[in-house]
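The next part holds the structures, each set out as structure tokens.
In what follows, chain A forms one complex with chain B and a second complex with chain C.
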Partner chain A sequence: MTRAQSSRVAPYLYVLPLVALLLFVFGYPLVRIFEFSFKMVRGIDGPWIGLRNYELILSQSLFWEAVLHNLQLLLAIPAMVVISLLVSVLLYERIAGWRFYRIIVFVPYVLAIPIIAVVMKRMFQFNGPVNEILRWLSLDFMALDWIGSSDVALWTVIILIVWRESALGIILFLARLLSLDESMIEAAKLEGASWWQRVWYIILPQMRGVIEFYVVVSVITMLAAVFAYVFIIGGGRGGPGTSTVVIEFYIFNALIRTSLPGIASAASVLLFLVSVLLIFPMFRARRRAREEEA
Partner chain B sequence: MANRRSSIAAGDALKQAVLLFSAFLALVPTLFMIMTALKSEEEYSIDKLGLPNRLVIENFRAVLVDSPFLSWMGNSIIMVLGSVLLSTVVSCLGAYAIACMEFKGRHGLLALSTSLMAVPPVVMIVPLFVLYTRLDLISTYQGAIIIYAGLITPFSVYLLATFFRTVPKELFESARLDGAGHFLILRKIVLPLSLPAIMTLIVVNSLYVWNDLLIAIIFLQDDAKRTLMAGISVFQGRYNDQVPLTMAGMVIASAPMLILYIVFQKHFIRGLMAGAIK
Partner chain C sequence: MTKQSKHLGISRRDLILTSAALGASGALRGPFGASAARAEGKTLDMWWWGEQELPGLQAFVDDSVKNYSAATVKTMLQDTAVVISQFQTAAAAGKAPDIQYLWNGIYHMESVWLGYLRALNGLVKDDVITASGPTLLSHFGGNVYRLGWYPLPMIWIYNKDLYDKAGLNADVPPKTWDEFLSACDKLKSKDIAPVGGGIQDGYWGEWYFGHALAQNVDNAGEVIDLFTGERDFRDPKYHEHWVRLEDLKKAGFLNSEMSSTELYPGIDMIVAGKVGAGLSIGARMPADSKQTNGRIGTMVMPTYGKGKLAGMPILDAQGLGISADSKNPEDAAAFLEYLQSPERLKVFHEKTGWIPSNTTFDVSVIDDESVRSMWQNWGLSPNIPYLSNLVPGQFYDQALLPTAQQVVSGKMTGAEAGDLAAKVAKEWRDFNPDMVGNYRKWAADLAG
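Coming up: the complex of A and B.
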């Protein structure tokens, strides 16, 4: 082989392992979920049955309940944004001890979700420490059955999600803040602008992109990446009752517990289509976040 | 003027208070976990909030002796090492070609790979589970390692390709003139210059694999192959009423990452801040 020929082939050899890996872990499954979703799969394959799987899940109340729960989790996002903004702006002002605080407020993101969920589950038990503190503060009406009541369990999941995912927001926002041009803020300070004015008129407008990015990423998380939270809090069953069943858990259940890959695939297709819709805003937000920084 | 200064001081105190409170909230579960792990069952049933009276080590002994924590941890370490190594090698080669070589489809490949970052892992599990069942790959290390490696690769390629592009082109040109091949350039010039980016990758990807529950619970079902996260989800159900014992388990389970975080703060913080933009 001549040198010119080898240099024409070489790039393809370099990307070959990458392409093979992505085709196996993403390509193959993404093609197959569509195929399986139109089949009655028993074991490894089965006959085509048209839209029956879709008709079945769309007429199932458990599926819609799961969808509703995912949508309810979106309520965590405004709280996450406000908390992350507040803490990251304060860290950015380099308040005495900010390096120390920074190490600590990142800790929730370093701890694994299952571990945190197990710990919080014990803290929020009916006769656990959280309720003990609430009773001690004479807030008995707030001392709910956080884990065991089907009306409350999903809200406990939300509290847990806000607690952990805010750490990601702080990390993101702080990274953006540290790249801000400080001269404007200094000038505003000299002009006598108050803290609120500086945050509201100078800092926040420059953070639009990164906030947007965080919101889109969080939407994807709430719709499709909360399995570990609900698996632990819901005791592996989405409980109490079906009160913490989300789409991921619905797919897990259909695949592992009831062995219906066709049904699980149809639900996966629907979830995939939603995530495709979110890919475009995500890219746009990321581009804008990076343009801000440049 | 004096008035204004005192209002600034009051503002600073308020800011301190907010940060202190946030830091406290961020630490509460960790503190609760450690304090409770050191109590006996009786003490916890009477006093859930106070400091432990006298430190009880028994819970830790019970966890380590009666539950396969160490073997779960070993499995998690195998998963992290295997998948992060595989993904890093594959991504370095691929990202090098995308960033530094001319070929048809390089932009398309990067865009496609990058967009896979937004696809939730749960979408991929059904066909892989069916395929693995047929190929007898359920509960095998190699099977799970490939899935983990695949899931973390789009981010690795994205980060590395972005980084490789910043390596000055003149360095390549002169190396090529000296007759160096691509592989030599990648190994001797690009990789050493990209060490910070690779460290970031290792931090972010190891955290992902170590902390994952979904893949672990579906693809490593054998007791002997369970990872730490899948293991503790079983463990916590079994000892539901023994809170101090459970907390001792959680302290052991979280210790490796917490210790790494404290020792390698700088890398973690840099890695998390760079990795967050993914």
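Coming up: the complex of A and C.
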């Protein structure tokens, strides 16, 4: 091997151990999940059954109900974006005590989901503090069975998600706001632009990248990272009934509770493929955000 | 057996059938954290669970190991989440312990079908097996695979003070459904929630199913037929229990916060005098009775059904078995017999405050009259097994718990619950074609 050849190979040799480690840690399980999705697994292996697991999943109403619930959770995203924008702009205006408020609004995101979900669950019990306050205000019609009714429970989950996940949006948006060129905003002020005009015509256009990024991350969250929320609020069973079962929960149940690793793997593969499709727009949004900040 | 860990509030189902990864890692852990007895020579491994729901059991195990001289017993308290998967993974690798803790019914029968457990008949003396009360659900193919360790009477409780307040005879609980509805009317007229508890986490539905389905069946095998397809939940006989629950809901007899309250806080409400009656478990009785100065009464679910199991007390039991891998099955059997000796039974009660699963246990040492009375009626009188232990996991999650929740919240009728149950039972057969045959054989055993 010539010196030139060896110098071309050397970098690859340096990264080879890490690549091998990554392949082992992530690649091997992924391959096994794909393999299991075509088998009727009992314990640690089982016979090949082709697409049967996929057929069973796709013909089961509970799976589609779970998909629908994930899609319903997407409704939280517009609310999260609006709330995050509003709060971050207010903080950007440097209202009195804004540094303190900045810490406060981020607290929900720092706390572990099970902790806040358990607290929320207590608050939203039928005779809990939320309903007691509503009744005290003579708003009995609003005192719903927040976690005990299958009509309402998923909305309670959405409320909790909006409250917590907005904190991330606030921090992202505020960070972007603080990096803006203030001279444009000052110039707009001198020209007599109202607060709303400054936000709409000057601030928001410059934040498009970070908003897109937040939206894509939130979509992935709603599809593949809400397990802790539904687990706690749904009493650990996706209830009441099956009203808070989402795809992650469906996979968890198949694997842990009904001893069907093949089914769990097939559902995981489907979720994985959807998530992969969403990763590309996320990368694009990140690139755009970076370009805007540059 | 109940699927709700008493102190952790974790369902048994949650604990069971855990991921292969957890199981494999656990299995490899081997005797980590184990304690060894003083004895030398023969060695036995014992994996057990139960301290989590019965504090004091660890002390009993330690004391038993310490005082056992025929073999060195290495014990390992298993994590709640891996009790079954850890054992099954170890058994698949040929490294299972000699003695294994086993929950009842399907929770150990799958290990039997996989060939991981030894039949105890022939190894353990017949009279010891019988006295330990492993229950019928430990039988398969003419063999018995568990020894009872500690019992779990499945009971209905009522608050005697509330019954007094409603002008009811607190010493004579209702026996028939009509008597029960009449009592509910009187309680309601005094602004007392007559019956209920908490179903937000679903487990109340499991307990209710175990009590109420029994009313219309003649044997445990009949229940398995509902899953294998020989019988159908759409038959009114097999969903009447949900219709009765619907009736309670429509009559306004269930406590208003039942849907948003979890199982054990719901039982606490009965003990605290906020709800008249509901479902509970025998292991709670010593504490609940003490808290109320004996004002918590026990009863069998009031009867409406015509099945042979109607009106019978339900007794479940946690147990121990011997693995097929054991190189010393006779020694393992000897240790299990030792745990059932009169002296050990006495120590069990001293260490745990609870009753050991053995009909020869001297009940005179039980101080609390209501607890003694309960054990006389549930443990020492004719009883039936807990039918919810026959339910396949998929049915449990997708039908058993959701139906009761929906009926209690008024979102589903009893008949609709039957339809959903039939649908999920069929799905279970589609998803688990390899399990149906074993279930059918088991049904034949249990029907006898």
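Rule of thumb we're sticking to: the second predicted complex is superposed on the first by the 274 of 294 C-alpha atoms of A that agree within 3 Å, B and C clash if a C-alpha of one lies under 4 Å from a C-alpha of the other, contacts with A are read in each partner's own complex, and residues count from 1 in each chain.
Definition applied: a residue touches a chain if its C-beta (ideal position, glycine included) is under 8 Å from a C-beta of that chain, and two chains touch if they have at least 3 such contacts.
Model, not experiment: these values are computed from the prediction.
Looking at the shared chain after the overlay, A:44 reaches both chain B and chain C. Look at A:146: by the touch rule set out above, it reaches chain C but stays clear of chain B. Judged by the touch definition given at the top, the superposed model places A:111 against chain B, while chain C stays out of reach. Contacts of A:257 after superposition on the shared chain: chain C is touched, whereas chain B is not.
When both complexes are overlaid on chain A, the residue A:236 reaches chain B and chain C alike.
In the superposition on chain A, contact of A:174 is made with chain B only, not with chain C. In the overlay built on the shared chain, the residue A:190 is in contact with neither chain B nor chain C. In the superposed pair of complexes, A:277 makes contact with neither chain B nor chain C. Set against each other, chain B and chain C touch different numbers of residues in chain A, with B touching more.
When the two complexes are laid over each other on chain A, chain A has residues 43-44, 128, 235-236, 255-256, 261 in contact with both chain B and chain C.
Of all residues in chain B, only 11-12, 15-16, 18-20, 22-23, 25-30, 32-33, 36, 48-49, 86-87, 89-91, 93-94, 96-98, 101-103, 106, 109, 112-113, 115-116, 118-131, 133-134, 146-147, 149-151, 153-154, 157, 182, 207, 210-214, 217-218, 229, 232-233, 236-237, 243, 246-247, 250, 253-254, 257-258, 261, 265, 268-269, 272-274, 276-277 touch chain A in the complex they form. Of all residues in chain A, only 40, 42-44, 56, 60, 62, 124-128, 145-151, 235-237, 239-242, 253, 255-261, 263 touch chain C in the complex they form. Listed in rising order, the residues of chain A touching chain B in the complex are 8, 10-12, 14-15, 17-19, 21-22, 24-26, 28-30, 32-33, 36, 41, 43-44, 83, 86-87, 90-91, 93, 95-98, 101-116, 118-123, 128-129, 132-133, 163, 167-168, 171-172, 174-175, 195, 213, 220, 223-225, 227-228, 231-232, 235-236, 247-248, 251-252, 255-256, 261, 264-265, 268, 271-272, 275, 278-279, 282-283, 286, 289-290. Against chain A, in their complex, chain C makes its touches with residues 11, 13-14, 16-20, 24, 88-89, 92, 110, 114, 200-202, 256-262, 392-394, 396-398, 401-403, 405-406, 409, 411-412, 427, 430-432, 434.
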